[in-house]
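After this come two complexes, each holding chain A, first together with chain B and then together with chain C.
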Partner chain A sequence: MAATAEVAGARAPKQSFSRAALPYLLSLPALLVCIGILIPFFTAVYYSLQRYNLAMPFLRGFIWFDNYKDFLSDPAFWNTVSISLIYTALTVGIELLLGLGIALLLQRPTLFNNALSIALMLPLMIAPAIASLMWKLMTNPNFGILSYLVGLVGLTDFKWASDPSTALLTVVLVDIWVYTPFMMILLLAGLRGLPKQPFEAAELDGVPASFVFFRITLPMLLPYIITAALFRMLDSIQQFDIIYAMTQGGPGDKLMVFQVQAYLEFFTYTNVGRSSALLMVLWAIAYLLSHQFIKSWLRLRERARGQA
Partner chain B sequence: MHERERDLVAQFMQRQIGRRELFRRMGQMGVGAAAASYLLNTASTQVLAADFDWQAHKGKTVTLLLNKHPYTDAMIANLDNFKTLTGMDVKYDVFPEDVYFDKVTAALSSQGTQYDAFMTGAYQTWQYGPAGWLVDMNQFISDPAYTAPNYNWEDMLPNLRASTAWSGVPGEALGGEGAKQWAVPWGFELNNLAYNKPLFDKLGLGVPKNLPELIETAAKITKDAGGPYGIGVRGSRSWASIHPGFLSAYSNYGQKDFSLADGKLSAAMNTPESKAFHDLWVKMIQDSGPKNWATYTWYQVGTDLGAGASGMIYDADILGYFMNGGDNKEAGHLAYAAIAPNPEATAPTPNVWIWSLGMNAFGQQQDAAWLFVQWASGTEHGLFGARKMDFVNPVRQSVWDDQEFKDRIAAKYPGYIEQYTTSAPGSKIYFTPQPLFFNLTTEWAASLQKMVAKEVPVSEGLDQLAESVNRQLKQAGLG
Partner chain C sequence: MTEATLWSRLLRPVLLTLVALFFLFPIFWVFLMSFQTNEQILRIPPSLFFSPTLDNYWGLVSGKLVTAAGTLELPFMRNLWNSVVLSTGAVLLSLLLGVPAAYAFARFKFRLGEDIAFTLLSFRFAPPLLVLLPLNLYFQTLGLNDTYIGLIWVYQLITLPLILWIVRGYFEDISPDVEHAYRVDGHGWLKTFLKISIPLARPGIAAAALLSFIFAWNNFVFALILGSSSIQPVTVGALAFVTASGIQYGQIAAAVVLSILPTLTLALYAQRYLVEGLSLGAVKG
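The block that comes next holds the complex of A and B.
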């Protein structure tokens, strides 16, 4: 017995150490991922406080918030803010409406609807840069199918992404084509997951369809809508590939969104300081917008719990 | 090798007979084309190896970063020659041009040692050189311990040598006193007209000699050709839209991008003469350019000419050269002409783009890398590329003087040699070297887009551009 007690006594500290270390070991991967994100983030913050152009290393030095102060008086920066927000609002808004509409049409899980929902997912499988090149060809005035089709309705000189008045419309169309399926699939999953009882009760009571949609479907679907919109909003405000592949931010400065400007500043102009500062501003805008979205989502959840 | 065959190859190497004659006589001796090529390659290697230790770095491997380009194809096709000559191996990564310079910037700015040498443009050296990423090639070129006696640096076209050398002082002339040779010219392009000859003949058009004639001819093509538009020029929002036809014409009107006073730069794009030139250029695009001009890069400009969608282009001469072959619809129909856009100018002044070879300052084997650069920019490889591949335009006078090369070009590319000969004396980089080149030139392209789209009148657009440029120059301590 004594021997057994001794052995047990000797093992006990080992087990407690493993047990104590377990939470840290389990969180280690998350910590590593965090470090992988935080190091570049703080490096960018550090660079954004410097005058740092790779082509002029002799000028490098801390200028603290001067890069940010320069933005305030720079009309090009305010143009970037404005274009980025307009682009985000248009793409997220239209994709949400279209995605919701398509999801409602495909709500009943029939064989045809399931097949169609898979087919509609195809644009999402294409890399946005490739989709942009496809659209660039389709809008070519010499042989593009879309140029031909708009020509049939009398728009023979439609310049698509080349014209300042239609450039935004063109890239928004490409974004809608690529990302509407994303909205559709999230909302479709939400619609099919809603409890059936309220709808059955409404049907028994002979409630009009519009009332069912606005008073039952939409409020119950709202958490899904907010989640889908949040994902798309974060993606849209950081738009790069579609715009860069189609117009490089032109014509003029019409499509000079944050990521395109930051990319040019770094890779073409080698201005690391200004590029980092631009990305910091973009991060702040994305943070504020997502913060608002998440607050709304939590409020809805609280309300739903209260009602329950 | 038999004596008679060796003598024959020796005669060829001494330029006593041409390549065609060599192969004809080899054929008579019963030597097949493949065997003859082998003998020739061996002899070339022996000639190169004379009086210089090409084997000094035998067993080493140099790694290259390359852009997908016919020059690269020609180099890869001849790489065995280098390997035999030096006993070295070569590894390379090839990227398409869309991402190529991003790769170079990333590789060099990270001070990586992966690549020993790489392709670069002369403009890029205005960033890479002052940043300390490039080796000054002067230390190798001028030292006989590193450079073979037959390398003949003086054979390189003088304007190209100067255009790839800069002191790093903003505004100071290229190739001036104290300039560092940041890169070695490899192949280059100057900007002139390439046109669809059958279309011109059909419409009874003469080749335009200056910008007013160019505008008029382009308008006639757009009006009368029944489909094709008049003139292809680049228009995308990029510095690359400014350097070809646009700057060639601009400099022919005696205009400059910047003026320099007391070591400070200031914008010179909004002088009355510059505004008058911009008026002409903008009108030409509005009247006779491609509909999607604002998205046009060199690729669209070239393919439209090759596909018969445009009547002519004012762009790189080699772009017209490449469109005259392959499976292009208009292959064999294109012709070339020099243009002096200013009616009062006496000769063309094409701005040039120079594909050059640079060496990584962080590379661990710079001596070995120089052997590669020396071989790739040498006369023998230049001749191989010019005669057998599409390594045009050559950067060496001796290659331009080569009869076999000239005969090949004259047979398939009517007017190409003549446009080069007429333009060569005035062809060089006409930009003012300064480290903000890419920012300010891209902004110039964006301004042009606004003017062509009639978002802003030319005069007002240029005043706005000059104001913005001056502000940025001041912020960078250059203005």
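The block that comes next holds the complex of A and C.
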């Protein structure tokens, strides 16, 4: 068994060197291609420590952490932080509840349920930028079907994404449309993979449905819920496509999440240093989240491999 | 018991209808809109009944839009072609780089092995703009922003981790005994890899390729920041469309339909593998 488990291991002495080098030779090209893309990452770190505006090259200079220190007293920065966190909390929270609800509705693997779960995945397969375009058409004041429908219930002047008071909700709605299927499909796979015995035992004992859900289903599903939620949080805090396509961060600064703010800082205000520093802050947040995500993801992966 | 019957008889169908309506109606509505003239679109109240026209699609295919203000160039077909080239190129390069690496991570326990695998995975989670904005300055200096190669290279950040981790799982599922038996017959390592391992992992490789194609196709921000207008894919092109003067609403809808059709078709075709791909191999469907 030990011999077969390491069939390609460094066993045969005559070819030990090429054997030992083989895994490196196989994986290095992939790594090199990505390292090449990583060079700009270090450039960004370097830029973030500089006063660097493309429009004023003569002012360029090394200022250590001044870009970061400026953030502390900058209301625009704190606006970005709070909008990003609110956006993430709203989207992930609603998508989780909705996704779990739909997964429970479709839990039994009937032909109808399977067909519907596949159909519900379609929004996830549409580019978020294009999905935003679809919602822009639907909320168009002249002919949008949604504008017409809210008009029927008396909201004749509902401006969706162009009104400061409803812009956030509109964009969150698009995010929910695109990404709830992700939650649904992962939780559905999790639900269907749960062991049957506890549920059969509960049914024999006549345990009420709410008890089964909160004491059996939910705890056993928790690893899936945590992994899916962390995965979505990572994406959501970095959301760019939907917000940029819907409102470009507006109206005003209502939707200036991290990446949109950094994009405008770079291209509109040509302030490379500040833009890079902002992205470094986001990177730190994403790094902490991805650390947690990978831990829970690995546990699930081990389990999936164990079943195979 | 009565509670349970009421639930399954009444509430469940109602909820499912609402869910299906919310997630599928937008696609249906835009699809209908793409066959309507501007007058039909602007009609109040909107109606499901109209005589369909293909004019919107003809306008996109011919690349010319004749309006009262003159003729307008529509480079949409070019965008569509760019999407095909960029996504296909990115997936092929990722397969070439990723499948051998996936095999290495699955079969060998080697120093730095897991570190390299996780470094590649972590690219998936870093803010893309952090890399894209400095790259934008480099690309302009190097003249890469006019070439497919530059973008295909950067697309590896999306496609490579996906292919690597899905295919790795499939290689891990293949018993090493099969390869061992073939090697005992006197065949070399490379031949074993090409003749035994790859064919056995083929469903996984195909699934990973299809999924990463979808993700590459749907990418927006990479090309927005790095690509010049001549190589921009449909995601960027369709959005630029909205601001084009004199554009017909039906044509925007037709552009949306043309740009989502390929991914939706592929997704339906590969639906068996979607769960596994979306969770990077952590959940089996």
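One rule holds for everything that comes next: the second predicted complex is superposed on the first by the 263 of 308 C-alpha atoms of A that agree within 3 Å, B and C clash if a C-alpha of one lies under 4 Å from a C-alpha of the other, contacts with A are read in each partner's own complex, and residues count from 1 in each chain.
Heads up, the rule we're going with is that a residue touches a chain if its C-beta (ideal position, glycine included) is under 8 Å from a C-beta of that chain, and two chains touch if they have at least 3 such contacts.
These numbers come from a predicted model, not from an experiment.
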Touched partner set for A:Asn142, first chain B, second chain C, both or neither: both
A:Ile294 touches, of chain B and chain C: first, second, both or neither? second
Between chain B and chain C, more extensive residue contact with chain A: C
Chain B versus chain C as contact partner of A:Tyr52, first or second or both or neither: neither
First, second, both or neither for A:Pro164, with chain B first and chain C second: first
Which superposed partner A:Tyr87 touches (first chain B, second chain C, both, neither): neither
Partner chain(s) touched by A:Phe71 [first = chain B, second = chain C, both, neither]: neither
First (chain B), second (chain C), both or neither touched by A:Gln238: second
Which superposed partner A:Tyr179 touches (first chain B, second chain C, both, neither): neither
Those residues of chain A which chain B touches in one complex and chain C touches in the other: 136, 140, 142
Parts of chain C lying in touch with chain A, wherever the complex brings them together: 4, 12, 15-16, 19-20, 22-24, 26-27, 29-30, 33, 41-42, 44-46, 93, 97-98, 100-101, 103-105, 107-110, 112-113, 116-123, 125-138, 153-154, 156-157, 160, 164, 169, 172-173, 176-177, 179-180, 183, 189, 214, 217-221, 224-225, 234-236, 238-239, 242, 249, 252-253, 256, 259-260, 263-264, 266-268, 271, 274-275, 278-285
List of chain A residues in touch with chain B within their complex: 53-57, 59, 70, 136, 139-142, 157, 159-164, 246-253, 264, 267-271
Chain A contact footprint on chain B (complex, rising order): 101-102, 105-106, 109, 126-128, 130-132, 235-239, 290-295, 304, 307, 309, 435-436, 438-439, 442, 445-447, 449-450, 453, 455, 475-477
Sites on chain A touched by chain C in the complex: 3-9, 20, 22-24, 26-27, 29-31, 33-34, 36-38, 40-41, 43-44, 47, 101-102, 105, 116, 118-130, 133-138, 140, 142-143, 145, 148, 177, 180-182, 185-186, 189-190, 193, 209, 224, 227-228, 231, 234, 238, 240-241, 244-245, 258-259, 262-263, 266, 272, 275-276, 279-280, 282-283, 286-287, 289-290, 293-294, 297-298, 300-301, 304-305, 307-308
